[in-house]
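Below are two complexes that have chain A in common, paired first with chain B and then with chain C.
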Partner chain A sequence: MVSDRRRDFKLDLWGIVLLVPLLISPFVTKDVLISSLTYQISIGVAATMGIYVMLRMGLLSFSVPSFMTIGGYAAAISATAGWTDIFFLTAISFVAPALVAAPLGAIVLRLKGIYFIFITFIFNEILQILLFETPDLTGGANGIPGVPPATLFGHELAAQPQLVAVTAALAIVAALITFVVTHRFRAEFTSIEENETLAESLGVALWKYRTIGFIASAGVSGLAGFALVNMLSTAHPSLFASWSVNSYIAYAFVGGRGTLLGVAVGSALLIAVTNYFSAFANLSAGLFGVLLIVVMMLAPSGIVGSFVKLADYIRSRSVTRSAPSIKEKQNEFG
Partner chain B sequence: MNSVDRAGPASAKNASGDALRVDGIAKRFGGLRVFDPISFELAEDEILGVIGPNGAGKTTLINVMCGMIEPSAGRVHLGQRNITGLPFHSVSQLGVVRSFQQTNTFSKVSVEENLFRAKRFCSKRSGPDLGLDDLLHDFELAGHLDEPSDKLPYGLQKMLGLIMVLATRPRFILMDEPAAGLERRERIRVDRFIEHARKVLRCGILIVEHDMDLVKRLCPTIVVLESGRLLAKGPPVEVLARPDVINAYLGDSAD
Partner chain C sequence: METIVSTGVIGISIGAQYALISIGFTLIFGIMGVVNFAHGAFYIIGGYFAYTLTSLLGAPFIFAVVLATFLTALVGYFVEIIVVEKYVSDHMATMLLTLGVYQIMVTGATLAYGAEPVDFRFPISGALRWHGYFVPYSTLVVLVVCAVAIVSIYYLVFMTRYGIALRAMADDGAVARAQGIPAARMFPMAFAIATGLAGLTGAIVTPILVLEPQGGEAILGKAFIVVILGGLGSVTGATASAFIVGLIEAYSSVYLGGSKGALALFVLVVLILLVRPQGLIGSSARKA
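Presenting the complex of A and B:
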């Protein structure tokens, strides 16, 4: 697949447009399944944005659950203390993990490959222990129950459609932030992913752009944490288990890790299929695994990536057909 | 054919008058000595050739000068500024940019995107039109702008790498075997590139190269590295006639 600025821009915009129905659906249907899928997809999309930003630089970060934890708990603590304004909670859930990511990035971004994956995974485990060991702040094993819903200009957004709409809105905000960051630094990010020695030789400061990406990834993950806490009215360590990152990584790879559209498609598809498979009780995990294997074998660049490849192939075929052959050219010029 | 002016240090007149100076730099990897302390200077608008047998430390010298690796001893100065130990990207941002022995482009993206990135990454430096379109046309790259760079023939990939270096508006270019892997008829493009770079930027150029014809054509001064020491420095005709230089390449007939 050839990277193309204009095409990637359009596909990323489509990824955001695809999220708009999530915002509308709570107000047009009261169907419980659709409501459940809407908020699950919204949270999945927001969390997967955290994976996506780092993948743009070729880094697979497992730290999304930990930044979701920080964002979610920051919002829960603030809301419990009476600061329930949705704009404030959105800001605090973005800024708190971003502030943690800045110094953490200085340490972990020196690492690459399996070492980076390992240290970011370990960070999740450390944070889980910290949650249990700081009951005065985080509620320990009990978490923080009864988190008040967010308010908009003093009005509580407590009704189910409103809760779902807030979750979808946070997913759109996360997607917009991701869109802005990945397009503002697209050349730098993709150059680091493709050939970091060449990028550095041309003047790209690797640490700077990796840190920007890591901070953005932490921030959007924090928004996903806030969305989860606000939806469930509780903040609990079990909501942010380390293994949950596997699902977000699967969403990115199955959808196609090259575009925001891939993130949206992968999240929506896998969450919908997981819900469908849940009807098969013990077989559900196995069926999910088989689906992942099949998709990755048939479409290694993800669903969207495969369609883009197919479009490239068709376009190159049509160009070849329409281009005059050497014999035709010779005839043309006598 | 020699289309390039053979400008030496004495003719180096430019806006800043800065030089890239290597003061007694040495490099060791643990117990392995790559080169002993060596010193030389590359003025802006000068072309300096670096030759030597395989393993003499030529590429390591470029790696040290451009900040990819730190020297074990000595300093590298850009004008009055000590740039020893600065990160690779910082040295590049100061205008000391290297090319690579092997083809080195952003392989998944188009030729046009490669050039866009090179220009973007050096956006802090501005100046006259670089005439990149002329080079693209002369090197037959103009018709391949939409193609992924890894689909280009080897020779065109190498020339794209050089044009990307030029697009960053360097003050000094460190070229690591620019003719390596090129067919004989393609090597004249290296001459054309250097002629163009000096014309539009008047930059200093250091060339590490094995092609002696190319070195003799382009470089008014050469230094010879052998087993990690600076064996000789001077005009190619004189240096290449010296018995110790001949021995370094061909071995002593008495051996």
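Presenting the complex of A and C:
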């Protein structure tokens, strides 16, 4: 797929615009299904942003659940201690995992490919054990139940529509941060993704941009963790299981890993489909699997990526048709 | 003293189980460059095949284990041909495709047998008691089966023409093809052997541990650790590190408590990844 800065900018912007209805929906409808879909999609989108940022540098990170854990628990501990202001909780759930990611990135970002996947996966496992080993701080196996809802200028956002709206708002914030980071460092990220040796030889400081991406990925994952904890009023190790990352990876790849629109479309589609088949709850994981295989086989660049490719193809065909051929030019000049 | 020895035997038995599952995982990566995320699911369906044959169809356990191994290998063979073969050169695509296969297989197992663990028990109970030493018979049987399987795999990989061809493919696929080694035939067979090993492990280990659809995740996590320690793509490394992991797990669960030992193991793996990504033993067979 040919990279086109303006087109990618528009597609990414559409990815954010597509999230706005999530913020509005809790106030226009009380439908339980829509409410449930809204918060699930919001959390899915926010978490998948963590995958997306790293994919922009060609790295598949499995550490999203661990950063969600840090963000979620940071918010839960703060809220339980009485600091429930939504701006504070948003900040702490972004900053706490970002602070962990900074030194961690300096270590793990030396690895790439499958080794990077392994080390990020192991980080999830380590964090899960640490949750159980530190009951005084994290509640251990019981987690932190009864987390107070966030407040806005002293008003509790405890009603169901408000909780859903907070979740949607956090997804939009995560998308905006991702948008800013991936566009500010677009050239560097793309050069690292395409050929890091060449990028390095051209003066791109790999460690610097990888660390920036890793910190941003951790921060937005932390926001997803906060969204989840705030929605369910509890922080529990089971909410952040290591293998939950499979779903977020599937969202990114099915929608299209190249744009924010892909993340939004993939998350919305897969979560909606899973809910549609909720009567057959056991089938949902298998359905994920089928979709993942079908998309990887038929449209490896995802749904959005395939549409972009199709649009490129149609455009190139119409340009070829409208341009005069060499034979026509020869005839024209006798 | 008795505790130390008994724990050591259990550790070696755990190590043998991990070796079986990890050799398959590392074999697929070493030869094909594929990180098989469905490997844990093959372990599970091996267990379910054996369960169906023994508990539901009344077949003898030994026959069930052999047939379960073969059936799992057959499933692996077709998965390779249908899903993986075309995308072998694309690491990311094969990872996601096998992730999809994993989810389909787990869903299939859940639909067929339910989400709860099934009642699948090892046919031999009791333990060997000798001068205060205590080793369950099931552990000894697993140890023997694993030892035979590991020796067989070594024979296949290092002593046969087929094994030489496989190693040639792992070493340099392009040159091996130029020498006339048919990758189209080698890859599905390699995948079948590796998944057959996972099926064998599932068939003999799940009656001792637990047989449930989600059980593959934990075992895949263990395979990750073992192959990192041993060096991704190295069969010898996987075998040796599986026993190291098994012994650490056994002793730490007795002397430190389960989670502290696991934590120590994870930290050790992280350190090894950082200092020596090619693993403790030798160099990796393939660049990741």
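Throughout what follows, the second predicted complex is superposed on the first by the 329 of 334 C-alpha atoms of A that agree within 3 Å, B and C clash if a C-alpha of one lies under 4 Å from a C-alpha of the other, contacts with A are read in each partner's own complex, and residues count from 1 in each chain.
As a working rule, a contact is a pair of C-beta atoms (placed from the backbone, for glycine too) under 8 Å apart; a residue touches a chain by one contact, two chains touch by 3 or more.
Bear in mind the structure is a predicted one, so any value in this text is a computation, not a measurement.
J.: Clash or fit: how do chain B and chain C relate after the overlay on chain A?
T.: Partners fit side by side after overlay.
J.: Of the partners chain B and chain C, which touch A:S201 in the superposed model: first, second, both, neither?
T.: Touch status of A:S201: first partner only.
J.: Counting touched residues of chain A, say whether chain B or chain C comes out ahead.
T.: Of chain B and chain C, C contacts more residues of chain A.
J.: Determine, under the contact definition given at the top, whether A:L292 touches first (chain B), second (chain C), both, or neither.
T.: second
J.: After lining up the shared chain so the two structures overlap, which partner does A:L111 touch, if you call chain B first and chain C second: first, second, both or neither?
T.: Once the two structures are laid over each other on A, A:L111 reaches chain C alone.
J.: With both complexes superposed on chain A, which partner does A:R5 reach: first (chain B), second (chain C), both or neither?
T.: Touch partner of A:R5: chain B, not chain C.
J.: For A:L130, is the partner it touches chain B (first), chain C (second), both, or none of the two (neither)?
T.: second
J.: Let me test your reading of the model: by the given contact rule, A:S242 touches which partner, first (chain B), second (chain C), both or neither?
T.: After superposition on chain A, A:S242 lies in contact with chain C alone.
J.: Look across chain B and chain C in the superposition and give the shortest C-alpha distance you find, in Å.
T.: Closest C-alpha pair between chain B and chain C: 15 Å.
J.: Residues of chain C touching chain A in their complex?
T.: 29, 35, 83, 86-87, 91-93, 95-97, 99-108, 110-111, 115, 217, 221, 224-225, 228, 232, 259-260, 262-263, 266-267, 269-270, 273-274, 277, 287-288
J.: Looking at the complex, which residues from chain A come into contact with chain C?
T.: 60, 107-108, 110-115, 117-119, 121-123, 125-126, 129-130, 132-133, 242-243, 246, 249-250, 253, 282-293, 296-297, 300
J.: For the complex, give me every residue of chain A touching chain B.
T.: So the residues of chain A touching chain B come out as 1-5, 187-188, 190-191, 194-195, 197-206.
J.: Which residues of chain B touch chain A in the complex?
T.: 66, 87-90, 92-93, 97-98, 100, 104-110, 113, 116-118, 120-122, 148, 164-165, 168
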